[in-house]
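Chains: A, B, C and D, in written order; residue numbering restarts at 1 for each.
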Amino acid sequence: MVSAAVMPRPGAAVELRRFPAPRPAPGGAVLETVMSEVCGTDVHLHHGRLAGVPYPIIPGHVSCGRILETGGPLADLDGRPLEPGRLVTFFDVFGTCGACWHCLVAKAATRCPHRRVYGITTGADEGLLGGWAERIELRPGVRMLPLPDGLEPEDFMGGGCGLPTGLHAIERAGVALGDTVVVQGSGPVGLNAAVFAQLSGALRVLVLGAPAARLEAARRLGAEDVLDVEAEPDPAARARWVRERTSGRGADVVVEASGVAAAVREGLEMVRDGGRYVVVGQYTDAGEVLLNPHVHVNRRHAAVLGCWGFEYTHLHRGLALMARHRDRFRWRELISREYRLADAGRALADMAARTVIKAAIRPAP
Amino acid sequence: MVSAAVMPRPGAAVELRRFPAPRPAPGGAVLETVMSEVCGTDVHLHHGRLAGVPYPIIPGHVSCGRILETGGPLADLDGRPLEPGRLVTFFDVFGTCGACWHCLVAKAATRCPHRRVYGITTGADEGLLGGWAERIELRPGVRMLPLPDGLEPEDFMGGGCGLPTGLHAIERAGVALGDTVVVQGSGPVGLNAAVFAQLSGALRVLVLGAPAARLEAARRLGAEDVLDVEAEPDPAARARWVRERTSGRGADVVVEASGVAAAVREGLEMVRDGGRYVVVGQYTDAGEVLLNPHVHVNRRHAAVLGCWGFEYTHLHRGLALMARHRDRFRWRELISREYRLADAGRALADMAARTVIKAAIRPAP
Amino acid sequence: MVSAAVMPRPGAAVELRRFPAPRPAPGGAVLETVMSEVCGTDVHLHHGRLAGVPYPIIPGHVSCGRILETGGPLADLDGRPLEPGRLVTFFDVFGTCGACWHCLVAKAATRCPHRRVYGITTGADEGLLGGWAERIELRPGVRMLPLPDGLEPEDFMGGGCGLPTGLHAIERAGVALGDTVVVQGSGPVGLNAAVFAQLSGALRVLVLGAPAARLEAARRLGAEDVLDVEAEPDPAARARWVRERTSGRGADVVVEASGVAAAVREGLEMVRDGGRYVVVGQYTDAGEVLLNPHVHVNRRHAAVLGCWGFEYTHLHRGLALMARHRDRFRWRELISREYRLADAGRALADMAARTVIKAAIRPAP
Amino acid sequence: MVSAAVMPRPGAAVELRRFPAPRPAPGGAVLETVMSEVCGTDVHLHHGRLAGVPYPIIPGHVSCGRILETGGPLADLDGRPLEPGRLVTFFDVFGTCGACWHCLVAKAATRCPHRRVYGITTGADEGLLGGWAERIELRPGVRMLPLPDGLEPEDFMGGGCGLPTGLHAIERAGVALGDTVVVQGSGPVGLNAAVFAQLSGALRVLVLGAPAARLEAARRLGAEDVLDVEAEPDPAARARWVRERTSGRGADVVVEASGVAAAVREGLEMVRDGGRYVVVGQYTDAGEVLLNPHVHVNRRHAAVLGCWGFEYTHLHRGLALMARHRDRFRWRELISREYRLADAGRALADMAARTVIKAAIRPAP
């Protein structure tokens, strides 16, 4: 028997439960969990703000573990064997059908209706399909990625799900060499967006967020300047702060990673004429916002780009870039605190209160 | 002396005034106006809804005329001489500097701060710089385009400024072969968007608008189906109408050409996941709209694309395509009525009341 | 027992052989073949010019049939049931893994090493996996597409594999509204490229090819002008012919669909500065060509774009567009002659001699 | 009177000549030259390998100087005054008309037929229009860029014309986050391409070139690995070297910056299926190359992209990025040696012999 932290239903306390030790299906695998994370989505799950979640669930969608057993020989995309003992992460999305209109015609793979996600759309009665558990059961077809040499679980989990999400947002933005990029929000997604903006050729990155510890992290991750939105509550003043740093024109790219609906109006005021605005932080319904289509979109000739989820390619490339740049961008320092499985509820509360940047769960007994 | 219809100030009646017959500057030209138009912008000008307009003005930004005199030898882009007697139109935008940050770095030419537009940002005391006049004065550098063989002024003015605007909107949309395109609005811009959507590879075009005469025009221009928004005032029912025609998924592309702020929310409900939404109809400030960034942009992975003005290339290519397809798309039939210069006020009133699709001004005495 | 025409090995005569009547696997289906085709690839197969072909094979990669039996309930991408009696075609590619580096990271799906193609990379001892047979066995996962209402097998097979190939080539070209497109080659791929160029917004299409019957077909399909390359053997004169029709500048887009290596040099002479050149006709190794990188690529700022195979989306959208435009573009007239299964060898010879535009096989007894 | 080094005609020795001290035209300026460069183009000019050069000429197209006098008040793109004493560079291209088909319709600005370039298409009898002179005369409309704070002439000239050329090539390549980029050629353009590939998100950059000093520079500029093409003369072995470093697949992007025609065939062997190949090094006619369209382009689904010249935006953004990253990439170290004006011929010889990476000319007396 192994332990897992279970979220029984929205609002209820997280409980430790015991499950039978899993065995891999043919083509699948079982991981001994080394580290998982508590991300903003987990807070949303606890608040019941996502539709269609099959509570009770084992949260933890992006995780890191050691292969314990495989259901036959497995290999990664480069053909390297994935054998017991290997430290890996895995792409948390599975079930994307490759056979529906979204997959085949629109090529909008993150919108495939068959898509499922570990720790979010998987129920605890289906098995150990979340990272807040001593073991994770990888269904056949779930894609594992070995941690590159020199990368430790702490590095990878310092990025966590924000790594591929931030990369996807920046890819969607189409950063040009020399662009000025503004990031609204200094949580894990915003911080990773700040990193990938720089890796994509941004000349400068400006971050607006809170609290101070997150803004200090933004600076360490290369942001040229930061603005504490708690110290400056006036949206007009914040937009002015951006314009003062962009010859009055606004930024080439603004990435919304705040989770606050009002940020969208505010952010559009920061975009230059002909610029791009990526909305990646509205993962759950955070309410409505009043916009002026003439001022914010039409006359500005702006592109407002929604960015939903991420694909395997984002995780694959994000992981490789992390290995290459781990000294320049010290992702591991984003983990403010580690928690045992029994303290998952506390981790969730700290994340909700934003007293940590990233909260890591270490399920090992 | 020649006559021109002058809009003295917002709200005031249009007046006929006399001006000295103009002579061309070196590199410029004078046209004898054959036909000009009354477009939605002129109605906005009359309502005083555009900022920075130097009233009194001579309206009429897209026009057609015969070259009366040139200030030295002139040629079009293919090197063909532009000589007196030639029937031409001209690109109504001039003064784009080619030397500012927007022109040189951002390549957002329609946002150059030096850009000026005939009939909109030119005052009557600067000269005959609008089409509601017997003569039009073309400043040096204004680009003339000969009407292609077989194309008559009635054809071209049936397209009018909606031709390059509709083309630009569809170019911005990035229509893929086989796309379903929805157009919100059945005025000249919407109708031209419907045409260029088909020319760009759309499988089907659906148009929502009013009144009936415009929807009939939409059908004649190839729309597969139309919805009268006056007969169906419920936005949810309109979105449902689109979804019923798109396997429940929504359209690949939706073009807003309505001028109504609320249309933006409604239109976003019609876009498929991963689809594109072009905002071209909010040329003036038509108010605000409440959007849900999670539902309308982020989860939908939508691209919302503002489209401002048009460039020379859009007029050049639109004109050539019109010459090629004038039998398939009978633009000239969009002109509901022609007016003498003295009746410009009436033309404006008819346009405002939407009792005409396009109102043409014939300034010839 | 059912009959199939088998190509035993390169150079050997096509033979009629008897096979056991197939039954569908679960999730698969059996079709009664209505019509298949002989395309340029089949000629290459007969000449042994493709690597890795598991002779003996049953050729015929794009076909049309009636569902005889399914291995359980099946549906198309819009959820419509695929039941016995339904007239369908199918995407001839199967086995694309969705799990390798090409599929997941590069998103170069036509280069997945696991990709297999009916009638080309399938051996006769694996089953009835080619269209030159009374029955076709559809493996589980092979995607069927019902012929849209009003479309007959003759229409669809008039397009055949050239339909999705031509669409893919034009999509790759990125045709802009108003472009002039030149097509080198007047075989089925070239003719379909000419059609889709027009559907994508080309102002004009010019076709160079032979023999006369194919050029007449090109004209009927909307080509503005054609040049018989047998009548004009001088490559310089051919390029001049294009430049004379493009103000001396060359075409915006040139599509190579000739299968002749020398055409690539010739075609690059026809591209305007900053234009695009798509190479789709070099499906097999047709030899080498001498190019000048300075003249043909660098100074011209040209984009030379290889185009390999096609994806499901191209067939899906091509089929829908064909249904919409079958009166404007009469694909069915491209079928010069129909052959019984026993005459497949003759069909192949006629195709090789280019005495037909498209040769159709009707396997029904 | 001031001195300038003049190239009288191809093959003739460079001579020092005296010119009257220039005065600025209205809207123009005169610079006191601080530093100019000898680039590969100058070697080509000396060998007479460019068409249409109006010998005698004053070479030196990218330069750095101090404003001596302006013809009235001037400002840069951000509105900052350009006054005497200011250290600037300038965009060497002028005369782009903004009014022809290439400028307006095709938006292929580097192919405008009116485009002229300092030090290349300007004759010595037109004035001091090249950097190998004590003074440079800036015609009205020539765009000056102040050197950003902290950037010295040595930094900027270490990049020289390779800076905007390398940036343009990489922009043309469309580097994705995580790409592997191969650069063929280790001259100034290749080295700058290696830098901008990294700034654009490349995971790794591999450089093939010679001699050893240039490869060492490549390593210092961040190349992960380098191959000396003089030590490995076998093209097949070089392509293998790339494939061994890319899981056998080839690189996502290969940039040709070698100036050798044969490199194009070799480089295409290094590109992965679906990858991109940029040809930027064939600035002059370096001869022909035998390619296999099937193998190198069609089956590979490759994009081969010519890259001609650069635009203002590339210089503007390159300069800003250089200021930001001058510690990470030490451009100034690329200047192997400085020469007085009188030694320009020697500089040219050293550049031709590749005994220097960059040769800088210091015209100050």
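FYI, a residue touches a chain if its C-beta (ideal position, glycine included) is under 8 Å from a C-beta of that chain, and two chains touch if they have at least 3 such contacts.
As the structure is a computational prediction, the values presented were derived from the model and not from experiment.
Colleague: Show which chains lie in contact with subunit A and also with subunit D.
Modeller: B, C
Colleague: Identify, among A-D, C-D or B-D, the interface equivalent of A-B, where equivalent means over half of the contact pairs coincide by residue number.
Modeller: C-D
Colleague: With centres defined as the mean C-alpha position, give me the subunit A-subunit C separation in Å.
Modeller: Spacing between the chain centres: roughly 42 Å.
Colleague: Centroid from C-alpha atoms only, then distance subunit B to subunit C, rounded to Å. What do you get?
Modeller: Taking the mean C-alpha position of each chain, the two centres sit 40 Å apart.
Colleague: Touching at least two other chains at once: which residues of subunit A meet that condition?
Modeller: Only 78, 101, 107, 247, 316-317 qualify.
Colleague: Touching residues of subunit B toward subunit A in the complex: what are they?
Modeller: Checking each residue of subunit B against subunit A gives 101-102, 106-108, 110-111, 247, 249, 252, 256, 261, 264, 272-274, 279-295, 297-308.
Colleague: Hey, which residues of subunit B end up touching subunit C in the complex?
Modeller: For subunit B paired with subunit C, touching residues are 78-79, 167, 170-171, 176-178, 196, 199-201, 203-204, 247, 316-318, 320-321, 324.
Colleague: How about subunit C: which of its residues touch subunit A in the complex?
Modeller: Within the complex, subunit C contacts subunit A at residues 77-78, 98-101, 104-105, 107, 141, 143, 311-313, 316-317.
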